[in-house]
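Please go over the structures that come below.
The following pair of complexes shares a single chain, chain A, combined with chain B in the former and chain C in the latter.
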Partner chain A sequence: MNVYRFELRRAWVGVAVWTLVITGLLVGLIAGALPAFLESRTAVEHMLEQFPPAFAAMFGMQMDNLFSFGGFYAFGFLYYALFGAIMASGIGLDLFSREKREKCMDFLLTKPRARSRLFLEKLLAALTMLLGSNVIFILASLALYRAYAPAPLLTERALLAASSLLWIELLFLAIGACSAVFARKVRSVSGMATAIGFAGFLLSALHSLLEEEKLRYITPFKYYDAAKAFFDGGFEVRYALTGAAVTLLLMTAAYLRYIRADIPAL
Partner chain B sequence: MNLFRKELKSGFKPFLFWSLGLFVFVFAGIVKSSAAMSDGKFMTELISKFPRIVVAAMGMANVNIAQFSGFYAVLMLYIFVLTAVYAAHLGSGAVSRESVDKTYEFLFTKPRTRAFILSRKLLAGLVFLAAYACLNLVFSLLAVRQLGLPDDYSGLFARFSLALWLIGLVFFSLAALFAAGFRAAEHGARAGNLAVLGAYVLAVAYDMIDQPGILRFFTPFRYFLNAEVITGNVSLLFTLLCLALSTVFLLVTFRRFEARDLGAL
Partner chain C sequence: MAYAIETKKLTKYYGKARGIVDVDLAVEEGEIFGFIGPNGAGKSTTIRTLLGLIKKTGGSATIFGMDCEKEKVKILSEVGYLPGEVFYYDNMRAIDLLRYSASFYKKDCTKRIAELADALSLDLNKKIEDMSLGNKKKVGIVQGLLHAPRLIILDEPTSGLDPLMQRTFFDLIQRENERGATVLFSSHILGEVQRICDRVAIIKEGRIVDLRSIDDLRKNSYKKVSFTAEQPVADFSLAGAAQIAQEGTATSFLYSGEINALLKKLADLPLVNADISEPELEEIFLHYYEDGEAAK
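Now for the complex of A and B:
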């Protein structure tokens, strides 16, 4: 387990900082703005009365959902997902391109350990960090839920909604690992991680702007919808399955490539 | 000229890749905008009733998406972010690429000063950034034709593309400065990228607060406000600020780069 320990030691500080930032953002948004948000409901209802009844009916159904803890939680989710995606793809890129960047592939691969074992230890280290980070995020979410949501509490639903960050991060970990393994050269981990994270963010923004259903299949931030988890008690199966399939596919591709790739001469 | 040409050649493939992202975003955004605008009046009014902080979190602050110009402004806010990430990549690449690739001994033993080499590299980056802004203009013009709108939007597009270039310029020079300032290339690149992310967070915070005041100076994403660019009253102060900041950042970059150790950690 040397590789596992080594990778944890090298990367845990960055993950800890990201976790603090994400959790801080969550606490700040909910503690700072949720009460004002819930109060604005009367103003919105007032305005809806001036619109044709069809509009109001279409929208009125969602009022209870929109003006709730879950509705507000989902608003902020775009930003937690952005930060989480940058962190997770950063971990993937960092761990799986470390020897490539530092030009010491031969050092690691001549050790009496199978490449599959090395890959799995690195993966395990990445999963440990993501899980640790998400335990904190989920605990914070649940604590806020207990503090701010009115009874009756549906703790399982809150748990599922908070877990969507973990699923999104796993997908971005796979994207990062895949890019690291397939790229000929990784010049800057943070540069690629930022680009990948913002790409997900922009796709998500595009999907919200256009409301085009088909676009959602390529919008990772929306595979696991926190709002749906809160209101219906589950993700939309189609998209969640797409997300899980893409994650597994990318991870497998990275694994196969890692155990077979030629090591370039220095 | 050899160096400049080589920089253009090696940066071309990434440029195509980034342009593809721009193309997808601008084209899909504009061509499909009519659907979003159809209930835009309703949405705009609805949004105005929400607390500021929520509207800002949705990225819908101070816009009227019932009109094409307002919709385009929302689209551009995201394009600004895309460009900033690309610009930071160009800026830090210009300074530390040879160190990362461990080819610095080859290049910097040539009979050219460091300032000469760095200036050619930065110039190539600026060319790509300018080309990116121009492409934004071209894509927008092409895409809006598909809509068959009665008005002429070329002025609006040109103003937004210019703002795009200026914002990109700030992040480009800031990333170059960080790359020159840190010993380890990865730390410099990370600082540049964090600057983009931090500026974006500040921009959202700017939208959330009723009286942001001085905050505007700290986030280039809000140097050019939607309403100003749409009406054409772009703030001269902030345009000059963009240019002044970039000049200062680049000057410091040159000074730092002359004096530093080249080997990357």
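Now for the complex of A and C:
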């Protein structure tokens, strides 16, 4: 497990910073903005009426439930998902392109360790970090839910809604890993991760804008809809399954490529 | 007993581009085997196939009797590899990198790391990225040898080492060889291969064109001869001389044969200047190339 430990040591600080940013945003939005937001409902509604309805949708606002804990929480999810996607694809890119970036593929791959094992140790390190980050996010969500949502509390629903960040991040981890192993060269992890995250954000905005159902099959941020989990107690199965399938598919592709690729001389 | 390295008709194509074709090698345990050829001839391709970094297209390759693809992990625990260019992870001290490297082997390498670093006078507490090219190379050498491998594979190892360090390096390799390690040494510099190798394979355009002992190579090797005489030498000829080129008072040719016969011939000429030197590898290959053409 030396590779697992090595990867954790090299990547955990970045993940910790992202976790702070995402959880901080969550706390800021719920504890800082929600009470004032609910109080000034008329003013906000009045302001939003000035814009076309698609505008609000583009920024993640679903008007029918925006003025409730669940709706407001789900509204924030577009942004948690954006940051989470950048973080998760960043982890995938970072871990799986580490040797490629630092030109030491020869070093790692001439060690007596099967490539499948190397891949799995790296994957395990990535999963450990994502899980750790999400435990913090979920605990914070539940604490805020208890503090700010009106009775009756449905903790399972809040838990499920909060978990959608993890599922989205797993998908983006796979996207990052895939990009890392298929790219000939990875110049900047943060640059590529940001591009991938914003691509997800734009697809989501596009879907909200056009309200085209088919588009949702290629909109990763909406595979696991926090609002649906919150209000209906479950994700929409076909999208959740699409998300799971895409995640597995990309991860498998990354794995096969990693264990088979010819490593060219420098 | 199994060969340390044995390949039979080992072939690698990158798509349609040639890597190596039908390479047959048999390196015995305990020898220092040289592998020379110009850049792009297929030295690295052969080595990388042996190490499992690239997959062969055809043929077979074994190390200590084990298949290079199927039993890669077992093989790699006995192999030390030093690539031509050494790069490591950013922001690591040499000692951290070496400890990480050692953690892949099921033995304690602490003592050997210290010994090797001492022999190369390498400061292990320095960050690798702050090191000079030569020192980075030393980290690579320690990294390749710290687990006392049975087979040492060196791919153009001397680039970036100054002559003094080269000598230390060759001494180190020779000591490892005396310890019992087999060495595969690839290079495009004939001189350094001649310096320590027992036998040498010559590879050109993906194929092995010759395999001989160093002694043999020396005896049969060409010398590059050039001289300037007081007057133009008309119709210079000598048995064993090839590619004779004359321009004014200067004459140059490649010579293969008795060195005394050459010197006698030269002694009779009114020389102003004379130079006898080892030909560049490319010039030797010219000779293999011509032989190939003649055979057709």
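We take it that the second predicted complex is superposed on the first by the 239 of 266 C-alpha atoms of A that agree within 3 Å, B and C clash if a C-alpha of one lies under 4 Å from a C-alpha of the other, contacts with A are read in each partner's own complex, and residues count from 1 in each chain.
Quick note on the criterion: a contact is a pair of C-beta atoms (placed from the backbone, for glycine too) under 8 Å apart; a residue touches a chain by one contact, two chains touch by 3 or more.
Every value quoted in this text rests on a predicted model; they were computed, and no experiment measured them.
Colleague: Identify the partner contact of A:213: answer first if only chain B is touched, second if only chain C is, both if each is, neither if none is.
Modeller: Neither chain B nor chain C is touched by A:213.
Colleague: By the touch definition at the top of the document, which applies to A:76: first (chain B), second (chain C), both, or neither?
Modeller: First partner only, chain B.
Colleague: With both complexes overlaid on chain A, does A:263 touch chain B (first), chain C (second), both or neither?
Modeller: A:263: touches chain C, not chain B.
Colleague: One more residue to check, A:205. First (chain B), second (chain C), both or neither?
Modeller: First partner only, chain B.
Colleague: Examine A:188 and indicate which partner it touches, taking first as chain B and second as chain C; both and neither are also allowed.
Modeller: So A:188 only meets chain B here.
Colleague: Spot which of chain B and chain C makes contact with more residues of chain A, would you?
Modeller: B
Colleague: Touch test for A:36: chain B only (first), chain C only (second), both, or neither?
Modeller: First partner only.
Colleague: Please write out, lowest number first, the residues of chain A touched by both chain B and chain C across the two complexes.
Modeller: Common to the two interfaces on chain A: residues 103.
Colleague: Going by the contact rule set out above, which residues of chain B touch chain A in the complex?
Modeller: The touching residues are 21, 25, 28-29, 32-33, 35-36, 42, 45-46, 49-51, 53-54, 57-59, 71, 74-75, 78, 81-82, 85, 88-89, 92-93, 97, 100-102, 185-186, 189-190, 192-194, 196-197, 204.
Colleague: What residues on chain A touch chain B, complex-wise?
Modeller: Answer in residue numbers: 29, 32-33, 36-37, 39-40, 43-44, 46-48, 51, 55, 59, 72, 75-76, 78-79, 86, 103, 185, 187-191, 193-195, 198-199, 201-202, 205-206, 208-212, 215.
Colleague: Please give the residue numbers of chain C that touch chain A in the complex, ascending.
Modeller: Contacts found on chain C: 14, 44-45, 48, 51-55, 72-77, 79, 81, 83-85, 87-90, 100-101, 103-105, 143.
Colleague: What residues on chain A touch chain C, complex-wise?
Modeller: Per the stated touch rule, the residues are 2, 6, 10, 98, 102-107, 109-114, 260, 262-266.
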